[in-house]
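Letters are used for the chains, namely A, B, C and D, taken in the order the chains are written, and counting of residues starts over at 1 for each.
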């Protein structure tokens, strides 16, 4: 199952949209850098239900409060997510 | 054990160096006998349209793409939703010597690979 | 590196013997470049040089070994579309030496 | 598990390189290994010895180098992407007849074959976009 990693803010370009177009149930989604802005209101940005993560440090840096549906993780948990998934796909710019 | 590799190309030609440098990486993998599959998605679909960049002093990326079959890459996968969203008709997507494969659903396709190189 | 002098005209080469200006290329220049590589050009060499230039015109790329072998095979027949054939013509690195003599850009070191 | 990291972002212009460093440290701290960090596109600027950020900003070059020393990290900079952008080793500067070299200690210039090879042998490959 794929781990999708997005680093672009939800309306800053097509990364989120392209990613969601390739998302299959059972995949995991990780929001990093500017993508954590989507984590405040996941429903509004049509994020999938379940298996949505965000880097807590990146959210904290931007003053973003994670919605309940989004699991905040640290870098160690990110490594674990990578171990648990193949392939890993980055969506950026 | 060797891994199956997908190159995911999401950038339009010329505006971002990653379009050309992505292709260079694909060709290098193929030259090393690690022939990747290639998927054009998002703005990457624009790479496959006719181009004439002489006036902006650029080399034609599409000409370079036409070398893919020479490197052993004969199937070019294209995200159908991306093409549709940009008003690109399927029959305008052609590359000499290659077969264009339109994918209605890229998710399951991506899942089939060990590694994805994003460009 | 020394420049070429052909019929009184000086042709600038870079340190590795590639043409600085690709527009300087002509068959005489190719023969002189080949001499510097200790290669005497035969018809087989010229066939491949022509194909190298066709390849560049078609794809705007200096070919790596793998596509060059395939391209030669498509145009000169399978008997010649083999790395050993190219290796004998342009030792020790056919894509690089061939590109140099055919007046193509210096390969980027990547392929 | 063996990871390969591909870095596209120039230091101090996008976050990609800094994020890659955070990931690399976490992976190494949890007992994983990093097969290679491959710097590509604008990411090649991470290998510049000439970066001089102010003292109160993070020093990404220093962080790469200290990680390289403590874990014998393979920091490979794509030679073609580097040539275009003016990042050269002594021998490349000499070969290409350029006035000076600027590749930082701990980094190596190599071809894209190193990316292909890393993709083929690593357990996981992660791209860090610019």
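Going forward, a contact is a pair of C-beta atoms (placed from the backbone, for glycine too) under 8 Å apart; a residue touches a chain by one contact, two chains touch by 3 or more.
Nothing here was measured: the structure is a model prediction, and the numbers come from that model.
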{"item": "Chain pair showing more contacts of the two, B-C and A-D", "value": "A-D"}
{"item": "Cα-centroid distance, chain B relative to chain C, in whole angstrom", "value": "28"}
{"item": "Chain A and chain B: spacing of chain centres that average the CA atoms, whole Å", "value": "25"}
{"item": "Geometric centre distance via CA averages, chain C-chain A, whole Å", "value": "49"}
{"item": "Multi-partner residues of chain B (at least 2 other chains)", "value": "18, 24, 28, 31, 115-116, 118"}
{"item": "Multi-partner residues of chain D (each touching 2 or more other chains)", "value": "8, 80, 111-113, 124-125, 127, 129"}
{"item": "Two or more partner chains touched - positions in chain C", "value": "108, 110-111"}
{"item": "Touching pairs among all chains present in the structure", "value": "A-B, A-D, B-C, B-D, C-D"}
{"item": "Residues on chain B engaged by chain D in the complex (per definition of touch)", "value": "2-3, 5, 17-18, 21, 24-25, 28-29, 31-32, 34, 115-118"}
{"item": "Of all residues in chain B, those that touch chain C in their complex", "value": "24, 27-28, 30-31, 33, 59-60, 63-64, 66-67, 70-72"}
{"item": "Touching residues on chain D, where the partner in the complex is chain A", "value": "1, 3, 8, 15-16, 19, 22-23, 25-27, 29-30, 32, 124-130"}
{"item": "List of chain C residues in touch with chain B within their complex", "value": "58-61, 63-67, 70-71, 108, 110-111"}
{"item": "Touching residues (chain side chain B, partner chain A) in the complex", "value": "6, 8, 10-11, 16, 18, 41-43, 79, 81-82, 106-108, 110-111, 113-116, 118"}
